[in-house]
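Take a look at this one; I'll ask things after.
Naming follows writing order (A, B, C, D and E), and every chain is counted from residue 1.
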Amino acid sequence: MMEPGLYHLLFISAALFFIGVYGFFTRRNLITMLMSVELVLNSVNLNFIAFNKYLWPNKLDGLFFSIFVIAIAAAEAAVAIAIIINLYRSHHSIDVENAEEMKF
Amino acid sequence: MSGSTIIFYMLAALTLVSGALAVTTRQIFRAAIFLLFSLIGIAGLYFWMQYEFIAAVQIVVYVGGITVLIIFSIFLTQQAGELLPKEKIGRQVFSALAAFCGFALTMLQLYQHSFKQTTDQPIAPSVSNIGNQMLGVEDNGFALPFEVVSILLLAAMIGCIVIALRSKPATA
Amino acid sequence: MNDFLQIPMLQVLPFGKDIGWALLLIPLLPLAGFLLLGLFGRKHIKNSSGIIGTSLLLVSTVLSLYTAYGYFFEYGKVNGVYQKLIPLQYTWLQFSPGLSIDMGIILDPISVMMLVVVSFISLMVHIYSLAYMKGEDRFPTYYAFLGLFTFSMLGLVMASNIFQMYIFWELVGISSFLLIGYYYDRPSAVAACKKAFIVTRFADLGFLIGILILSFYAGTLDFNTLIQRLTSSSAPEFQTAVASSFLGVSALTWALVLVFIGGAGKSAMFPLHVWLPDAMEGPTPVSALIHAATMVVAGVFLVARLFPVFSMSPPALQVVSYVGVISALFAAVIACTQTDIKRVLAYSTISQIGFMMFSLGVSGSGGENGLGFTASMFHLFTHAMFKALLFLGAGAVIHFIHSNEMKDMGGLRKYLPITHITFLIACLAISGVPPFAGFFSKEEILLAAYHHNAIIYWIALITSGLTAFYMFRLYFSIFWNKEAPSPLERAGGEVHGEGGFAMMMPLVLLAVGAAVAGFIPFGNFVSSDGKLLESAFHLQFSIAPVALGLAGIFAAMWLYKKQNNKPDAIAASLNGFYKAAYHKFYMDELYLFITKKILFNLIGRPAAWFDKNVVDGMVNMTGNTTQAISEKIKGFQSGKVQQYAIYFLAGVIGLAVLFIYIWK
Amino acid sequence: MNLTLLILLPLLTAVVILLMRNAEQVKWTALIGSTLQFVLAFVLLFAFRNERAGGNEAQMLFELQYNWFPAWHISFHLGVDGISVAMVLLTAFVVIAGVLVSWNVTKMTKEFYFLLILLSLGAYGFFISLDLFILFFFLEIAVIPKYLLIGIWGSGKKEYAANKLALMLMGGSALVLVGLLGVYFGGPEKTFDLLTLSRGHIPVQVQKICFPLLFVGFGVFTALFPFHTWVPDGHSSAPTAGSMFLAGISMKLGGYGCLRVATYIMPDEAKEYATIIIVLSTIAILYGAFATMMQKDLKYINAYSSVSHCGFVLLGIGMLTKTAMTGAVMQMVSHGLMTALFFAVIGMIYERTHTRQVNEMGGLMKVMPFITTVLFIVGLCSLGLPGLSGFVAEMTVFIGSWQHPDPFHRIATIAACISIVVTAVYILRAIGQTAMGPIKEGYNNLSDAKWNEKLAAVILIAGIIAIGVAPFWLNDLISPAAEIIMHKVAGK
Amino acid sequence: MLNDFLILMKSELVITFIIFLLLFIKVGKGMKNESLLSLLQFLLLANFIAGFFFNETGSLFGGLFTTNALIAFQKSILSLGVYLISLLFADWLKKSEHMPEFFILMLSALLGMFFMISSGSLLMFFLSLELSTIPVAAMTNFDLEKKISSEASMKMILSSAFSSGILLFGISLMYGATGTISFAEMPAMLDGSPLQILAFIFLFTAFAFKLSIVPFHLWTADVYEGAPIAVSSFLSVISKGSIAFILLTALYKVFAPMHELWYNMVVLLSIATMIIGNLFALRQQNIKRFLAYSSIAQVGFILVGISGNSIAGTSSVVYFVLIYVFSNLAAFGVAGAISQQTGKERINDYKGLYQTNPFISWVLALALFSLAGIPPTAGFFGKLFLITAGASNGNYFFITVAALNLIVSLYYYLRVIRAVFMDKNEQPIEKINLHPSTKLGMIICGAGIVLVGLLSWVYDYITALTM
């Protein structure tokens, strides 16, 4: 096998990204959808770190970006979960297909 | 093949396989656990790249924070052991196709791209460098984003409180 | 600010005698009558409106006679040639340099002659109507319309500009429309007035296009200039007009034929004559005025006015003469079968105008050749007298008997002596019995035709015989034939006299005219070139027509003097022909077919349908399609957040593929 | 003479109307306002003629210019030439008559008059603006009031008609907009100023695109075939004053635009497209006339006849001769007055008989002599009787059209001429069935016109006769302006 | 330094100050909603007015924060919008249990937008974008008792999380391809390679998502419908406005080297957005949903202006947003007032509204006419300038499509007008009692709608700022 490098990491990251996207598309449970989003965000972080390390190590932009992404992900997850819980209270379900009242 | 390479592939496999399982398993707790593994795998990759700080943050925030949050919310909203409803096969195929197309497209661009590279002196991602820059207000300082994120977290918290702790109607 | 309020100054041409303003009064007085009676007649001056209208017209007539006297005997003639004088002219509407509609007054023999005819006949009718129309609800309106008509007719004959003529031509048409439709609550009158207007309008279309062509080639609308430019074969205007052709016919001929169509419409020439018999729905004096003496001869006048130009185009003249002669014969045949006395007179009018028309057609220009022209004008003049007289007489009869139908009449000579005599004079005049007026004019016409075209001559000869026959058929049917029923029975105890002085005076005056007008040496005044035309009288030539006329009279006497069944027998023997003639050779039906079936069903209805369904449909379809698409694509907004995300990603991928690979 | 007065006065009137408390006050305010407009229009006319008589040869008089949106080179540029003055006069006539005939409106009187006055504002602004942007601004201002007038106070399929009208007119103005932008960016310099544009030369390839856009865009307003279909529905559903404004003023906006904007600043393509314009307008003339023949509803009759008559406007423009163009403008003025009067009369009749179907009426002359007389006059004007305005305008168009010697123009002219016969047919049918004939039952006690109706009719008839009897003043007004346009077209 | 800091960041500081003030009030004794609202209205007004003073050009934090007079003006527009929201929805706010929190969240979001407009790097952009989104997602759920409110909120947070993911992926690729996240350094590094195009598209779609550009718009209608009207209006006006502003900076400055690419993309998306927005708006019954689609169509027009790629483009977009604030808020304000008192949100319910409520009917009519671009309302000028700016490229097809879309949009705006003014109704909406500040808000909006267009110096002022 090849010596692992930038492209390997990019492959992992892209794969993870689209795994997350796939999950987001197919999961009906809101929490699992949220989890898929987390995967997506993590793949992005991986990108940032990989680019930072292999291409642009002169600055720590990538690193910082991923730190902030993690923070944002936390905030987003928190709000999302609050919303999901609230939704659960009113709908008694967190199946996304039960929350399709508004359409067309 | 060096040990580092082996470790890399193992981490990569861990990340991707558990990531894939996290979005496909029908048991929600397992999904959460697989997510956890995947996140840990990513943290491992950070370690592997010698970005220890970010790996630590990853473990603290994700593994320690978000996943726990998710698991709690699963407790709140789901009977344990209950299988997730089955997804429609058409949707699955279509989603997989879309995701794969996206993936292929992205990978194609990535592999065809000849990345430029800096020739400047690298900065070590050490904790002290990170700390200095994080609170720096000059060039390459990240004090402002830090403040912004703190306000965001504050706002998110308030939002969460209002929504999640909604009082029963007509109670003080 | 002042200049706006000033009408562009009347341009008074240098002219020995300043009679411009007096001339202007001739048409303006009837117009004033129209405005006065039209605006205030109904409320304020209802009872005196007849008097007002009549006196205004009286002044006008006096002025006309004064003008005629002045023109013919004082200043009109220069070096033995009657001049075309334009005492007044101002630019009404300027299109481009040289091309403008001018309002002006032209004085030449024919316009002066027409001036006299129109104002005189109109005055007679005004006076006559004072009695005839008395008690009508819309008495002032009637006089207002008469005023409008007289104004228009006077404007027409004095027009110095072809477009001015067209303007008054139209005004004449509309006043005729108003007068025919005077009894607006009678459906037949409404139909008749519409028909009259529309048919003449159709003909006017030809006139208009003719004017357009003429104006284009001549570069002017002014009669004098136009005639000048289009009659000298060296003028460039003339050469282009002759050189350019369409469908193998020169532009000049086209123009003239089209103008003639206009004239034929107004003059009720075949096949545009259909409106005239129906127009008898109007009050009888109106028929006398418009449909006998004045308006219907406008077509003849038009051709006469443009005669120098016509004479440059033999084909156009041929058209004029054949249309004229065919109308003359055709109408005469129909007249023999009609039973409504006004209709008989109407057809007789058509026939007589046909005479005038073909007379123009067979005329040449200048000198002896111009006999037809003079004859035509002469006949116009005399015809005005006796035809007006006939109509007014018929009016008196109808006034008395309350019916238009011959079968209701008979033996009226006892009750209506003056009417009887004057009517007889008129009949003799029209039949061409010497020495009445019609004799002289008709002889000249026949003479002109004889010199020019044998076919036309023979047809004309036969027609003149027929004329005598149907006129006397009318005369005998009214005044002789069966015994009149007692007027007491007819009118429910109320006996009408002959209508009093107001009605009788015009009859008498006109009868005098019809009797003696023939002795006027017409050629001295009116000729195609303004010069003196000695009309030689050939006794031997007169024998045939007079004999034929007398034969017609005796035939009529034989058939109609006493009540008998000979006419029916003859009618029966002629079965098909008689029926066709009785039904006016189905011309009305033909028109009805063209309008109802073709115009309405094949053009109007499809146009309306097309508009409603296709044009409108397109617009509605655009709207509906938009709505339908909107309804169709609503599925994209499925309410499923995951689907939204899929579209999102699809959008991203789509854009990426598009911009990376396809649209670089 | 300050031209802003023409905009400020209606604006002021509209504002005052909004402040009024009851219907009576509103009506009188509107009447006073429109009377002042009327006076102002005449003051303008006199002032204009004085200036001209004084030897002022400038193309536009009383110009004034404020910078409005300097970033886009937009200025509030006003000015009038003879054509504008004629159109302003027309507007003033129609407005005052419209206000008068609406005297009986009881539903939302204030709003009604407000919208009427607003409409007049748009029209005045349109006719006097020399900047294409503000021209467009005023063009669009005039659309929505129409929509509301029809939708609120209309009758019949009013919503459908209002929608159709608003959308089609907006569609037209959308095309105008694109055309204007094309001129702005494609022209010699970035400007909306009409005079500047007319002095420069717009590249032919720009004209090729923009001319049809502008012409069709404006054409929609003036019922260019086949974009005329809003006319019958819109007119027939509108309240009386609405129809009057619509046909009398609003349709003229389009004709004016076609002439002043499209043809004037893009003469090269005007020549190129002239054939199509002529064909379309000839179709409109004949087809409108034939379609009218089949109508039973008085308002539809007048609406379709408007299509036919407005065809003359476009025909005159398409013929590209000075005389035809003068005729086109005359026809706009004439048709404006005539059709306004026609609708006014129809409104009066409808108010009394409660029907507009001609075959349900008959013999109305007996009970309403005034109204039927007016009907006669307007009908006769419509069929082109000399002495009334329609004749003068149509004849001028004919004469102008005939100045082209080639068969195509000839045939088009003759075809257009044919319409005068068809017009006679339908007008006489309509009049014959409504006014003449035996009176129908139930109509015996109807009343004749009231003072306001009489006044309105007299004003409009005065205009019609003034043109018909003395066309030279209008001709003197218009033809120098038309000549300038023709000079541009001829490339001098 | 400190002076710079205080002056350049004054708007952000004021907002932060208000947020903390609110926090203290909430944590402390608390205040009556009514008086707190008045206080806030006053503060927001003060903030708006303060926005016009001491506007200097400069940057802070090593280029992460930049500002100039135009940016300050853009912030003022947003402040104005928030002020108007506080006025228009006074009734709803007053009754809300969580008014202080609502304001904290709204002001945080506003703060995020301020930072976003001023941001000098992709990091700041991303963070402030999230700051301006996440609180709004929470606010969307403020009608706690309503099911659709939770649903809307859920849709919003999940969609925006997804779009954040896409955005971040794009940023990461862009970072990899250029090595920088700073706006100032980026243009030099752009060479238009396929990867950069891909990254740009990923990045751009995030803007597209926030601006509701088709096909990234699908969340919009559902969220607007479910959210409290105050939040819908915030989303539709202020959110959109801020994104439009930053999009201008991003496209005109940062991605200037890729001009050709984004021009085509903007044209394509603009056409799609206008058409789809209009087509969907045609058949809506719910007024909020209706306004959502109408705002999508409006965004299509904003894109037309953006495609101009010129100073005129910038000034037209800013100008349009200003007008759009007045117009759309007026429409939402009316819808809110009616919905608050009667709970009616369907267009059919509006039938005969004019009979009972002439004032708000006129306000609504003005607003809709302005949205439709009918003179003399300001919307006419706004749209016209957008189209004019877009036309500068000579793309007639595009401009024609835009102009024709105006007709379709007119159709559905007229539908509402028709319901309000023309249709008859047995039971029209009863007389609405307007809160004084609501009325004030409507009057301000109405005046804005009329005056901003006619008074040309407003546009001149913006142009001057743009130079």
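In the analysis below, a contact is a pair of C-beta atoms (placed from the backbone, for glycine too) under 8 Å apart; a residue touches a chain by one contact, two chains touch by 3 or more.
Keep in mind that what you see is a predicted model, and the values were worked out from it rather than measured.
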{"item": "Minimum number of chain-to-chain touching steps separating chain A from chain D", "value": "2"}
{"item": "Length of the shortest touching-chain route, chain C through to chain E", "value": "1"}
{"item": "Pair sharing more residue contacts (C-beta pairs) when A-E is set against B-E", "value": "A-E"}
{"item": "Chain centre separation (chain B, chain C; CA means) in Å", "value": "101"}
{"item": "Inter-centroid spacing, chain E versus chain D (mean Cα positions, whole Å)", "value": "42"}
{"item": "Chain A-chain B separation of Cα centroids, rounded to whole Å", "value": "5"}
{"item": "Chain centre separation (chain C, chain D; CA means) in Å", "value": "36"}
{"item": "Chain D, residues touching no fewer than two other chains", "value": "167"}
{"item": "Per-residue overlap in chain E, given as positions that touch at least 2 other chains", "value": "123, 127, 130, 134, 137-138, 141, 144, 153-155, 158, 162, 173, 176, 179, 194, 198, 221-222, 283, 411"}
{"item": "Residues of chain A whose C-beta touches two or more other chains", "value": "10, 17, 20-21, 24-26, 33-34, 50, 55-56, 64, 68, 72, 75-76, 79, 82-84, 86, 89, 96, 99-104"}
{"item": "Inter-chain touch pairs (all)", "value": "A-B, A-C, A-E, B-C, B-E, C-D, C-E, D-E"}
{"item": "Interfacial residue positions of chain E with respect to chain D in the complex", "value": "312, 315, 369, 374-376, 380-381, 384-385, 387-388, 391-392, 394, 396, 399-400, 403-404, 406-407, 410-411, 414, 417-418, 421-422, 456, 459-460, 463"}
{"item": "In the complex with chain A, residue positions of chain C that touch it", "value": "634-635, 637-642, 645-646, 649"}
{"item": "Complex contacts: residues of chain C adjacent to chain E", "value": "623, 626-627, 629-631, 633-634, 636-637, 639, 641, 643-645, 647-652, 655-656, 658-660, 663"}
{"item": "Touching residues on chain E, where the partner in the complex is chain B", "value": "16, 19, 60-65, 97-98, 101, 104-105, 108-109, 111-112, 115, 123-124, 127-128, 130-131, 134-135, 137-139, 141-142, 144-145, 153, 173, 176-177, 179, 189, 193-195, 198"}
{"item": "Contacting residues of chain B [partner chain C, same complex]", "value": "91, 94-95, 98-99, 101-102, 105, 109"}
